[in-house]
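The chains carry the letters A, B, C, D and E, assigned in the order they are written, with residues numbered from 1 in each.
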Amino acid sequence: MTLLSFFNYWVVIILMMVGFYCVIARGNMVKKIMGLNLFQTSVFILFVSAGKIVGGSTPILRDGVEVYSNPLPHVIVLTAIVVGVAITAVGLALAVRIQEAYGTIEDDHLRDDFDEEDD
Amino acid sequence: MRVRDLFAAGMLFAIYSLVSAGLFTVLDAGDVALTEAAVGAGLSTILVLAVLTLARRYEHPVGSHNWLALSVVLVTGALLVYATLDLPEFGAADNPAQVHVGPFYIENSYRDMGVPNMVAAVLASYRSIDTMGEAFVIFAAALAVFALLSVRPRRDMPGVRRRHPPRSAASKGEEDEA
Amino acid sequence: MSDNGILRIIARFLIPLILLVGLYIQFHGEYSPGGGFQAGVVFAVGWILYVLIWGLERGLKVISLKAMYVLSAAGVLLYAGTGLLGVLLGGKYLEFYPLLESPHAAQQAGIIVVEFGVGLTVATVAMLIFTLFARRRSEWIAALEQDDPEQRP
Amino acid sequence: MSLLPQLSPFTIVLIPFAGAIAIAFAAGRPGLIQLLSWLTAGAFLLAVWGLAGAVLTGTVVEQAVWEILPGMAIAFSIEPLGLLFALLASTLWILATPYAIGYMTHGGYGNLARFFACYAIALGAAAGIAFADNLLTMFLFYEILSVSTYPLVAHDGTEKAKRGARTYLVLLLLTSICLWLPAMVWTWAATGSMTFTPGGILAGHVDPVAGSILLILFLFGTGKAALMPFHRWLPSAMVAPTPVSALLHAVAVVKAGVFVALKLAIYIFGLDYLKTLWSTDFVLYVAAFTMLTASLVAMHQDNLKARLAYSTVSQLSYIVVGAMLASQLAAIGGGMHMLMHGFGKITLFFCAGAIYLASKKTLVSELDGLGRKMPITMTAFLLGALCVIGLPPTGGLWSKWHLVSGAFDSGHGLILAAYLASTLLNIVYLLPPVLRAFLKPLPEGESAGFKEAPWLCVIPLSLTALGTIMLFFAAQGGYNLMAVIFDGGWN
Amino acid sequence: MNLLALMPFIVLIPLIASGVVALLPGRTLPWVATLLAALASAVIAALVLPEAIGQGPMSYPFGNWPPPIGIEYRVDAANAFVALLVAGMAAITLLWAPKSVAAEIEGRHGTFYALFLLALAGLLGITLTGDAFNVFVFLEISSLATYALIAYGQDRRALLAAFRYLIMGTVGATFLLIGIAFLYMVTGTLNMADLAERLPELRDNNAVRAALAFIIVGMGLKLALLPLHLWLPNAYAYAPNFVTAFLAGTATKVALYVMLRFVFTVFAPDYSFVVLPLSTVLMVLAVAGMFAGSWVAMFQIHLKRMLAYSSVAQVGYMVLGVSLATLTGLTAAFLHLFNHALIKTALFMAIGCVMYRTGSAKLDDLRGLGREMPWTLTAFALAGLSIIGVPTTAGFISKWYLVLASVEVGAWWLVALIVITSLMAVYYIWRVIEAAWFSPRPQGAVAVQEAPLALLLPTWLVVGLNFYFGLDTRLTVGASTAAAEALLGAGVALP
């Protein structure tokens, strides 16, 4: 195996980590959700690259094509993308409600308010 | 993602989605590319923008680096890199993924159902219950957003519920009947 | 934006085109990339464009919030119902062969119906979510003004 | 005896619980509560005596109520020791009932329904312990007893009462859950059985080291037996109204503790096995130490109830020592002392309560001349004291006699000395109140306004005092009952 | 119809019903439909369980495509047991629901109940499926619905709790996805049984190890295993009472089941526990969870938070049983999984009754309430006995087995720890009892009535079940043992 064959994976990993960092380190909820999306999308790329065959083509039957890439990861990722957008929608809706209820969507600012016991 | 302007961040995010859609095409995943473009660049961006009309456009400055978060991320990254060392070579035709279940679809989907787009065949027939689940995920998201955003906005949402003194016993009785 | 003439004219052309593309992706999904999900999104985007230009009120006249809600449920029920049909006709859940005589036709019919269900759900859900987000701002301002005229978001 | 109904043990145990529920529902109607209390205590008494008749004629009574897991059941069986304990509890309960009613109504206490319901539950739990066929059942009722007496101790509702009650509960729960429960699990894991078997179940299953640890866990885990250093709860519990102190902390609770100790010694370890364990001696000397120290502490207590409480701590250790001597005679003596001390100590507590009710006096130093005002009470006090000390004409003589003989038999000279020294101390702290009451004159300026306590209180204490004398003559019955265990005639 | 044909309908009935219920108007109609769906699902699960125990695994291929080409539902004793628990608890909590929901939920009830059904169907789907990716899909169905259900809470902190749960839950799910991706890349299959066949060849593969790690962390997040538990207390505390009662009994249990399924079935136990130091890691986390959870619970003044922290501790007990990796340990884990669902549901229901009347779940507001709401608080006390582990309650049985499992491997110190944490449970339950019965009512407090029968009866039903399963252990112990055997395979005994 050559170093090159890892290169694809490592780029994906770097992207993944950027997204993950955004999720846990950022206080802003919109950014958190964007980070989540970034994180997930990178995983999708990892998944799809599992199905790639060098020299293959899109798995739609045509004449003259011998090698097709594996369709299964594509299906998985399709489903996962849909799940991702569903989460984004719900997360953003929650952010809207939090903005209304608290007047901010900065998670850091809410921490104190949150941990205060109610008495 | 060091952009404080969330609008700009949203735009960057849309561009990233488009780029990855391109990447998907390169990886022979036409369907995925189409979806990513429609969703990432389209739908998600619209929603982010819609939220930004409601909330502050600029992120609050973050004081310092979050070392804990950074270390968590680095550990995860290290684990991922460690894992990749034993992953099959990228793009090779003899990877396990290319020899076990995948080829069955490539070889048989046309015979089974006469559909040239194998992705559609796998999606809607071989792994149909997944797709049904996906439809229900979307439906759940709709219900969730509906539940969250169809109540009338209130500013006085209590931090502590019902701080006012407990109601009298008489009014309780009425409530029970209601 | 509805007073921008150029936009309106472009949109007049563009929106039918988008809807057409949506339909193509929906029903040509077995042959080329695409399927219910992508079609649904594209279809919804067409409607969203319409709303962006002519406003939410007119958009909701085309399809009301209630209709979206009902149709989104109808979409998943269509999918699930197709699966049930397979059981009723003696097969497994989501087995399409029992639907029609010819195996290929049965599979294709099944795929088309469930993809349509997905498309229906996705399109209406996208519209629904967009509507709810878009409407929220005006509702919120109204609520704020009712509580305290001074405060604005 | 055969005229009495013969109910199954579980039914008998349920009687007080059913009564408690009925009493709880009668909340707010004192008359009904009293009636129900009488009914429950009466029914319980009849049932226990009915069973005794059957058992003495040779019927084997065993009852598995429910098997939770294979080999692990809620089950009851009647054996002499348990029967003795149940007889004691039921008899004293019926005597304590009028006393409690009189005391609580004249003392102006509230929340009567809760009080009498918990009282009944405590007795039911004591019966459950008495009839338990295995460790699990015993543990269950032991904990019910602990928890159900908490409201009784805290009955006043004052901070002081609640603090005392908390000490009480925490100590009992801590010891039972931290020490007893693991010991039980260990026993189960080692032997696969938890059933009480004559001769013990541990022998041959655990090595002496483990057996020694088990013994320590079990004995100290039985917090109700008040071995030092886990005796603190007993003085704390004296914040309770006197009927509670009398019945529960002279009879039901503490006797449950020593009963458990005896039962463990005889039926789980087995006396022969017990002899081989090094920790037997350890526990023995801790108990002897407790016996002496508590007596010394009792001497310095001016508060009458506190003095009685420490006396109880000391007397309980007599029984534990009896169990640990690993001699049949001493074990029988321990069983008998459970009975004798029960009668004696309840009399003393009844008297203390009666004195408080009549004169509001709680200190020993205030008792001067009281004998002239309350002759019946003070006479009863004298009898109770004699019984606890172990002097004729009371039953206490016989139990101490057997204990001392057992110590002599097994060659524990030190223990023998401890017994004798402690008995001397008994005399020193129990007789002065009587002497003060009868021989010293009333203090100057004391109004002569008070007289004997209400008859509802006086009659019970007279009866228990008479009981101590009766036991002097009837002690042979108790001995015979106990001896059956070791004759091998009992399975 | 035979049972196999019925089996997928455990999931499908609530799933399809959600589409219908979403459209139903009014308040009663959606509830009735939801209840019927949950009951039907529970009945089928109850029918399937003995079959799964007796006959071994049943497989239902969707679309009649044989696995691993298509997706199968694969039911053995382990997941039939969990499915019965989830569906059963859903039906029981639904009995309790109407009054509570009427008081707390704004907006359309049809939407609310549809979300509930989706959450239920998602949990059941995760349980029954035999396909790794299908787990992810159904996990997200239930998660999405759960976020919304939590956000229905009337306290604004419910929103924040839901958001944080969303973030952590999604990260967890994505971790799971990464794990599945690795597994797919090295084996080429997504079917669990197929994976199990192919993984033994890949013992020394880094990616397989990483996959296990990711899956465990991902599920640990959903399970609220100690350092990953942060979302749980607030989510439970501020969600509507009905939702809390349901989630407390089901959500973490299913996450645990998924973890077990991967650890034991997909990766063989001799891999997970021998090749990797999983046993140690899980045991440390479990013990830490038991302690930290109980410790924090002792100082909570908000009772729902207290119970939530107690849940963190109880998850520790379950994971402890797993970490022993013996048949008895696993049996104990399954037993506690079942019994804890009963206990926590009963406790949350009782607190829900209190909140229904007083609007507060704070310890101070509970003072002296024992006399005004005797039935409610007695139910609480009895369920409290069960969580402490008093004999004749369900909680005792599971702790007993846990202790037995510890003794079997000679880990006496674990017994001591279990005892100590039980004592901590005594403390936090006792605080409530003392406040309710031995403290005076605060001054100026208005008289409160006993909770309505519609709430009391289901609460007492669950309390009764706690005692029933504390006495009749044939069902629970039998099924748990069968479940543990199913997971451990043919009698794998581990050091």
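Convention: a residue touches a chain if its C-beta (ideal position, glycine included) is under 8 Å from a C-beta of that chain, and two chains touch if they have at least 3 such contacts.
As the structure is a computational prediction, the values presented were derived from the model and not from experiment.
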Fill in the blank from the handout: Touching chain B and chain E alike are A, C
Problem - Required steps from chain A to chain D (each step between touching chains, minimum) - result: 2
Exercise for the section: Farthest from chain D by Cα centre, which chain is it? Let me know. Expected result: C
Handout entry: Two chains sharing the most C-beta contacts
Key = A-B
Fill in the blank from the handout: Rounded to the nearest Å, the gap separating the Cα centres of chain D and chain E is 45
Completion exercise
Distance between the CA centroids of chain B and chain D (whole Å) is 69
Exercise for the section: For chain C and chain D, let me know how many angstrom lie between their CA-based centres, rounded off. Expected result: 79
Completion exercise
Taking each chain's mean CA coordinate, chain A and chain E are separated, in whole Å, by 27
Exercise for the section: Any chance you could list the residues of chain A touching two or more other chains? Expected result: 20, 24, 50, 58, 60, 72-73, 76, 78-79, 82-83, 86-87, 89-90, 92-97, 99-101, 118
Fill in the blank from the handout: Among chain C residues, those touching two or more other chains are 31-33, 37, 69, 73, 76, 80, 83, 93-94, 96, 122, 129, 132-133, 136, 140, 153
Handout entry: Residues within chain E bordering two or more other chains
Key = 15, 19, 22, 62-63, 133, 137, 140, 144, 147-148, 151, 156-157, 178, 184-185, 190
Practice task
Counting only chain pairs that touch, give me the topology of the graph as line, ring, star, complete or other.
Solution key: other
Handout entry: Which chain pairs touch, all of them
Key = A-B, A-C, A-E, B-C, B-E, C-E, D-E
Handout entry: Touching residues (chain side chain C, partner chain B) in the complex
Key = 25, 29-35, 37-38, 41-42, 44-45, 48, 69, 72-73, 75-76, 79-80, 83, 93-94, 96, 103-104, 107-108, 110-111, 114-115, 117-118, 121-122, 124-126, 128-130, 132-137, 139-140, 143-144, 147-148, 151, 153
Completion exercise
In their shared complex, chain A is touched by residues of chain B numbered 1, 6, 9-10, 13, 16-17, 20, 23-24, 27-32, 35-36, 39-40, 43-44, 47-48, 50-52, 54-56, 59-60, 62, 65-66, 69-70, 72-74, 76-77, 80-81, 84-85, 87, 89-93, 95, 97-98, 101-103, 105-106, 109-110, 116-119, 121-123, 127, 130-131, 133-134, 137-138, 140-141, 144-145, 148-149, 153-155, 157, 159-160
Exercise for the section: Provide the residue numbers of chain A that touch chain B in the complex, in ascending order. Expected result: 1, 5-6, 8-10, 13-14, 16-18, 20-22, 24-28, 30-31, 33-35, 37-38, 41, 44-45, 48-62, 67-79, 81-90, 92-97, 99-101, 104-106, 108-109, 113, 118
Practice task
Spell out the part of chain C that touches chain A in their complex, as residue ranges.
Solution key: 31-33, 37, 122, 129, 132-133, 136, 140, 153
Exercise for the section: Sort out for me which residues of chain E touch chain A in the complex. Expected result: 133, 136-137, 140, 144, 147-148, 151, 156-157, 159-160, 162-164, 166-167, 170-171, 174, 177-178, 181, 184-185, 190, 234, 301-302, 362, 364
